[in-house]
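Got a structure here, written out as structure tokens. Questions coming.
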Amino acid sequence: MDLETLLSFKWGIMTPEFIILGAITLLSLLDLFMPKTVNRKLLGWLGLAGILGALVSLVTLIGNGPESILFDTFRLDSFAIAFKLLLLIGAALVFLIATSYETKEGLDEYRGEFYYLFLAALLGAMMMSSSGDLITLFIGLELLSISSYILVGIRKKNRQSNESAMKYVINGGISTSFTLFGMSYVYGLTGTTNLLDMARHVVMLTDSQHIYLLGLAFFMIFIGLSFKLATAPFHMWAPDVYQGAATPVTAFLSVVSKTAGFILIVRILMVIFYNIPSEGLGTMPLLLKLQDYLAFLAAATMIIGNVIALRQKNIKRLFAYSSIAQAGYLLVVVTSMSAFLFDTLWFYLGAYLFMNLGAFAIIQLVTQKAGSEDISEFAGLYRKAPFLAIAMAVFILSLAGIPGTAGFIGKLNIFMGALVTEPSHYVLVSIMIATTVVSYFYYFGVMVQMFFRPAVEQVKFKLPAGLGVVIGICLFATILFGVAPNIALDFLQTNFNQFSDFFQ
Amino acid sequence: MSSVPLSLYLALALILFCIGLYGALTKRNIIIVLISIELMLNAVNINLVAFSKFGVMPSITGQIFALFVMAVAAAEVAIGVAILIALYRNRNTVNIDEVNTLKN
Amino acid sequence: MNVAYLSILVFSPLLGILALLLVPKANESLIKIVGLLATLPALLMSLVVFFQYRTGASLASFTEEYKWFQFGDPSTLGDLFSIKYELGIDGFSLVMLVLTAILSTLAAIASIYIKKEWKGYFMLFLLLEIGMLGVFAAENLILFFIFFEITLIPTFFLIGKWGYFEKEKAAFSFLIYNGLGSAVLLIVIMVLFARTGTSNIEGLTAIIASDSQHLLLSAGAKMGLLVALLIAFGVKLPIFPLHSWMVRVHVQASPSVVMLHAGILLKIGAYGIIRFGMGIFPDQFQEIAVVIAVLGVVNLLYGAFLALVQIDFKMVLAYSSISHMGIVLIGLGALNEAGIQGAIFQVVSHGLIAALLFFLVGVFYERLQTSNIPNLGGMAKGMPITAGFLLAGAMASLGMPGMSGFVSEFMAFLGLFKEMPILAAVGALGIILTAVYLLRAVLGITYGKTQRDFAGITDIRRAEWIPALVLMGIIVLIGVYPSVLTEPLTSTLETIMLGIGG
Amino acid sequence: MENAWIIPLFPLLSFLFLIFFGKRLKDASAYIGILLSLASFVYSLLVLFERFTSPTHKAESVWLTIGDVQLTAGFEVNQLNALMLVIVSLVSFLVHTYSKGYMHGDERIHVYYAYLGLFTFAMLGLVLSPNLLQTYIFWELVGLGSFLLIGFYFYKDEAKRAAKKAFIMTRIGDVGLLIGMILLFWQAGSFEYDEIFAAVEAGAISSTMITLTAILIFIGAMGKSGQFPLHTWLPDAMEGPTPVSALIHAATMVAAGVYLVASLFPLFTASETALMTVAIVGAFTAIFAASIGLVQKDIKRVLAFSTVSQLGYMMLALGSAGYVAGVFHLMTHAFFKALLFLAAGSVIHAVHTQDIEKMGGLWKKLRVTGPLFLIGTLAISGVPLFSGFFSKDEILIAAWAHGNTVLFWLAVVAAFFTAFYMFRLFFMVFAGESRTDMKHVKESPSVMTIPMVVLAVLAVVAGYVNTPWFGTFLGDWLTDGNPALGHGHIEGPAWIMIVATIVSLLGIFLAWLIYSKRSLARDWLGASTLYNVLYNKYYIDELYEVTILKVTKGISVLLRFIETFLVEGIVKGVAGAVSGLGHVGSKFQNGQIQRYGTVAFIGVAILIVVFTVTGGYLK
């Protein structure tokens, strides 16, 4: 490969990634050379600027046809743009939360790393959403994962932090192995790692042995990826890690990392496995045949997440289980594979981003103030800080899927997708809705604390600017997309051309 | 050069993978656990390399993939050991079953 | 008529919520006045429509339709899978709107008994009113569901925060049961929507009616959906055995909330069964009419028997509500004009009567701090007017002619006797039992030797007169001159009868 | 006659006015009540006279539309209605007047008059109703008025119980009526009396249906008219003020059952079974209640059982196809029983007790009440020349003529009982020496005595409108133009009249022997079982107590059990299961990372199974 070829690539489509990369480099250098006395929060704002820059450049890329560079390993199609939007917005909000993060031990010495590791993880996630090749996909995934491991363990002197990082690494390692093992079989049967090439190959598969092997590959890949999504059976790390990690990291894991996981899974499933015939040439895709299997996973995830959440006393653990359950809902989308798959996934992930990050912002504020993560710390929040309590209530209502919030429209989308297909997924929808009702118990349990219980002590909250902005944005978005979802949906319809370029 | 059939490579990889998994799930010492994970990743490498030579459609990509996997595995273990050191400083143990303060 | 008349009507309490934001927390009287005033626009507007309709105006001009959002690509799907903001009313929903508006205003008056955090209370109260008004004005299933759920949240808080001793338990009970109910409802709505591509009620009705070959939905699926609807609304109504939450709420919530709860929220269940169950699945409804009638009789007798052994008057009223909702089912099960009309009458009538009785409970609970029948005996001595109203309310409830309860009960049974005489005869036992338990309770409270010192306890006074008199007045008006209700309902009934081919 | 609908509105006005403003008027409210009831009486009289010369008038308008069916409300003035109007409004007016004296000084007198107004309104409305539905409506309202007045002394537990009992017992009957009338509606297509009769006549209704509906409607009549076995409320209803007993529980409301059967007479005559049922229930009630009346000690209870017994007579008459006889007795009974009650009220007013064992020798003290009471007693006993004699005679003839021989003899025995216990009552109260301190006993004021005088006159003369000797004017008029009601006069053998006379004289003589002359011991029955059974009214109340009440309570308790353990239990069970599942699930989360891995591994194993099954790999 010579310079000419290198220059002939349309690097422009990678601008957002370059901006992030640049920010990472800049931040790490600055952190290295800046005197210790300078407040590292400055780096946070710089990083945020980087993310916003990437966001702007991404927006300018909207409407570009599907393009790929670097021998089809990096592609920018509507799917990538749409989901990168979510990743960037999520990351920006997490950054805002992170700038207001304080610990007892103090974070000053690692605050710099804190920021650029976030950016590195974000870069991984973005690479995943744009990758057109198993290798880049894997690299993106690992960039995200490894950065996350460090982020979880970043409070070096905190026992919980260490422990959760350790658990995360081990579980992550195992799951990575599973994914890779599955990928190796797919590669073996197609001889290529390029996703679209693979799709072209597998369509022609006739050997039932090979199809069988691909089934096994699917199984292993999915298991491995369920780690990233925190869905059953690889969900158990989530509560411990969420609890032990710093709150912004938890927020990051529950939103950005999860979004990346779904991006990855949709890429692999839809491109490769949707094209594998189940019996031979021209028969029903393997993926459709495995719908029931996916449904089982989704159901198990929803049930486990919602039911175990009932017993939680620690707010972060509670939200860990809650986000396991939410991942279950998202799996329903994947399972149903309707014509609305991308819209629904995108909308729900977007809604989830706002409601969950908003909730985590408040959780950080409250737990930081109280020095404890027990749910009872929320007691009397309505008296102490009515705005916070109402905002939290809105986020919780949205998570619970109550009308007027984005979460409801998202759920509506999910039901729609699951029921519009033939055959309809009645059972799955029923389970989803039943577990949603179960979730009322713990969601409203938090509400009860905030509104019904008296506060132990009357302390006024000082709302840091960063958190205030996050809560404000999330609140606004949660209600806006609940009341006027057409804004988001029309945006999706007009700019992304029905994701029709996904397979091109 | 008599060629070993692909299936044997695959079987070897599978066995290796299972051993790794077993080790990761049963060993107390975190170092051993990390090594077990390494074993699982190496099983993948065997698969990839075998496929790239004897697969349905042999290509060089598999070997490149294997290189990436090695690199990533190294990074992962490095991080794992780093975290382990931090943990050891705080707890004075490398036994995984003693790391259980976070639970329901 | 104005383009957005209905929207303004439905969302008019929002004005009150906004105004309340500006009122200082501690200014009790101002908050109460603003809260009360905020319910008036909806009342006036609904009454205006009602009288216009009575004088022959058409309701079609009130229909509103705006594009809201759409699933999928509009360029290829056209109008399919688009959800519109559609409001509209017919005679039945108009009657329910008026009822809601009236009861809301009266319940706002009854909120004088609220002791704390008036601001939050009234904001939730008004939000609840929006939800209730919206439920009856919605022409679109999804919009209906949204309003339906909006009633859920404020009610949860109103019960859980301003109720009595076991309020939180009651609130959760309410939430979980109704959550399940609305979950089931949502499934039904989404199935219908996903299968037909529209969620407009009229459109759906037409599509399902034209689908006699069961191409869109198999016959079994339709039946399943209807049963699911029955369960969903059965929780609200409530139908035995889905009722235990409702008893708890009746007992634990504050009287003003129960006025709305028993008066309107339960009626949403009946409204839904009539509107959707009967409206969308008339054929299937006919098949299970017997089951519904049986359920009605079971409800009627079960509630009555249980009301017979309660000590707490609120419990009596709670079970009485269950019993009276049985009459709604009986009327619906009859599936003829008389029955359905009776059911609708019962919906309205019981709304008024339950509101009146619970208001009176509020009146004496405020003064005597108990609602235990044995502790209240002889109240007529100390509070003769309250006792008189109580007795009158009980008479209305047990179906004394000249009051609304009779007309509905009569028509429901008239209907059922035509179709299933034996079952109806069993149900008629309920009429006797109703008299027994109501007299036992009400006479136990008002008559007999006085059980306590009534010195210094005032009778009903000032603002308290308004709800009592207004409710009693409407109850008697409907009882004496039922055409005031039948006329608005005529067209709705005709549509329903057309659907079931009767 | 076109404006007959105004008649019930006077008392309604009285009710509304007094309930809203009565509190300020106090005693003056009595005048409003009296004046307005006088107005309706006068108007009724006018209507009656007009009715003599003009045909039946009926006017209706739509009340309620159900689909294509229009239910109407209106009024009708036929012979029976016109007669009843006068009886009701007259007695009501007299009772209003009487109450002025009786209730004097009661602080709730305005409420009393308001209730009286309500009742009178309802009763007049009932009488004017041209269709079953309207009848039912007023029927219930009448019951309401009765209930309110029985419970007028609400602070007394007995009054509370009596009111409740009256309401519930009559409601049991009412449900029968309701069912009957609804069934009839679906058969005949209308609630209108004339359309129902037309349908019956045209044979549009099967005979089983006619029998069924007739009997169901009769159950309603049984409830209101205190026929066995729904009679127990009537004696208890004596807890109300005595004038109320005179108005409601003697003259008007309790006769409504008889009136109802009379109104629907063509329906009943279409079914022999139904007629027979009416006759048997009537005759049985007559003798049954009379036998209880023999031993009661409360002056009002004796009268109450006598009322039940007399109502049985009327039913017997109707059941024996003696339409005229029944209505005739209804009229005469209204007068003499009202008289008796008012006189009893006067006695109670004077001595402040209702226990006849504590009375005696009042003849000398109550110079007006005594003779009036005697007139009433003579009339009810069927002593010749008094009104009761003629009407009772008609009934006996009707029973005989219809072939109900057994019932006829029962009625004769009942007549004997009646004469006996009525004179027992008379002698115990008025004859002999006073058994307690009676110094302060004073005759009632004239506002009370004058109404009694009016009634006494009527009790004597009312019989002459329909006698075998001076013409059967009433009978002819009632049945005029309506052959379905039978003949104005039924011929019967002459010995019946003689037997009746002898029987009643015998009864009087026996009573005289025992209670005045004391030739026989007063406690001639002693404490025998028979006495106890009679005194305790055949233990019917107790029987109901242990059967119906217990069963109802039992069901309630059973259902409460179901409610707490089944309905709630299932809910608790589900909730418990869910949270138990959560508990188990969270147990796995023990902090051991390798446990997590193991769980995941086991999960994978399960998934492989699921995978192979759902993926179709398991062939």
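As written, the chains take the letters A, B, C and D, and residue 1 is the first residue of each chain.
Going forward, a contact is a pair of C-beta atoms (placed from the backbone, for glycine too) under 8 Å apart; a residue touches a chain by one contact, two chains touch by 3 or more.
What you see is a predicted model; the values in this text were computed from it and never measured.
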Legend entry - Target chain D, source chain A, minimum contact steps: 1
Legend entry - Chain centroid nearest the full-protein CA centroid: C
Legend entry - Selected pair, greater C-beta contact count between C-D and A-C: C-D
Legend entry - Centre-of-Cα separation between chain C and chain A, whole angstrom: 43
Inset, instruction - List the centre-to-centre spacing of chain C and chain D in whole Å, with centres computed as mean CA coordinates. - result: 37
Inset, instruction - List the centre-to-centre spacing of chain A and chain B in whole Å, with centres computed as mean CA coordinates. - result: 26
Inset, instruction - Determine the centre-to-centre distance between chain B and chain C, using the mean Cα coordinates as centres, and give it in whole Å. - result: 64
Inset, instruction - Check each residue of chain B and list the ones that touch at least two other chains. - result: 21, 24, 33, 96, 99-104
Inset, instruction - Enumerate the residues of chain A that touch no fewer than two other chains. - result: 166-167, 170, 174, 239-240, 308, 311-312
Legend entry - Residues of chain C touching at least two other chains: 176
Legend entry - Chain-chain contacts as defined at top: A-B, A-C, A-D, B-D, C-D
Inset, instruction - Using the touch rule from the top, collect the residues of chain B that touch chain D in their complex. - result: 21, 24-26, 33, 96-97, 99-104
Legend entry - Complex contacts: residues of chain C adjacent to chain D: 176, 240-241, 243-244, 302, 305-306, 308-309, 336-338, 341, 378, 380-381, 395, 400-402, 406-407, 410-411, 413-414, 417-418, 421, 424-425, 428-429, 431-433, 435-436, 439-440, 443, 446-450, 482-483, 486-487, 490, 493, 497
Inset, instruction - Spell out the residues on chain B that touch chain A in their complex, using ranges where they run on. - result: 13, 17, 20-21, 24, 30, 33-34, 37, 40-41, 43-44, 47-48, 50-51, 55-59, 61-62, 64-65, 68-69, 72, 75-76, 79-80, 82-84, 86-87, 89-91, 96, 99-104
Inset, instruction - Please name which positions on chain A make contact with chain D in the complex. - result: 166-167, 170-171, 174, 212, 215, 219, 223, 232-234, 236-237, 239-240, 278, 289-293, 296-297, 303-304, 307-312, 438
Legend entry - Partner chain C, residues of chain A touching it in the complex: 339-340, 343, 382, 397, 402-404, 408-409, 412-413, 415-416, 419-420, 424, 426, 429-430, 433-434, 436-437, 440-441, 444, 448, 451-452, 484-486, 489-490, 493, 498
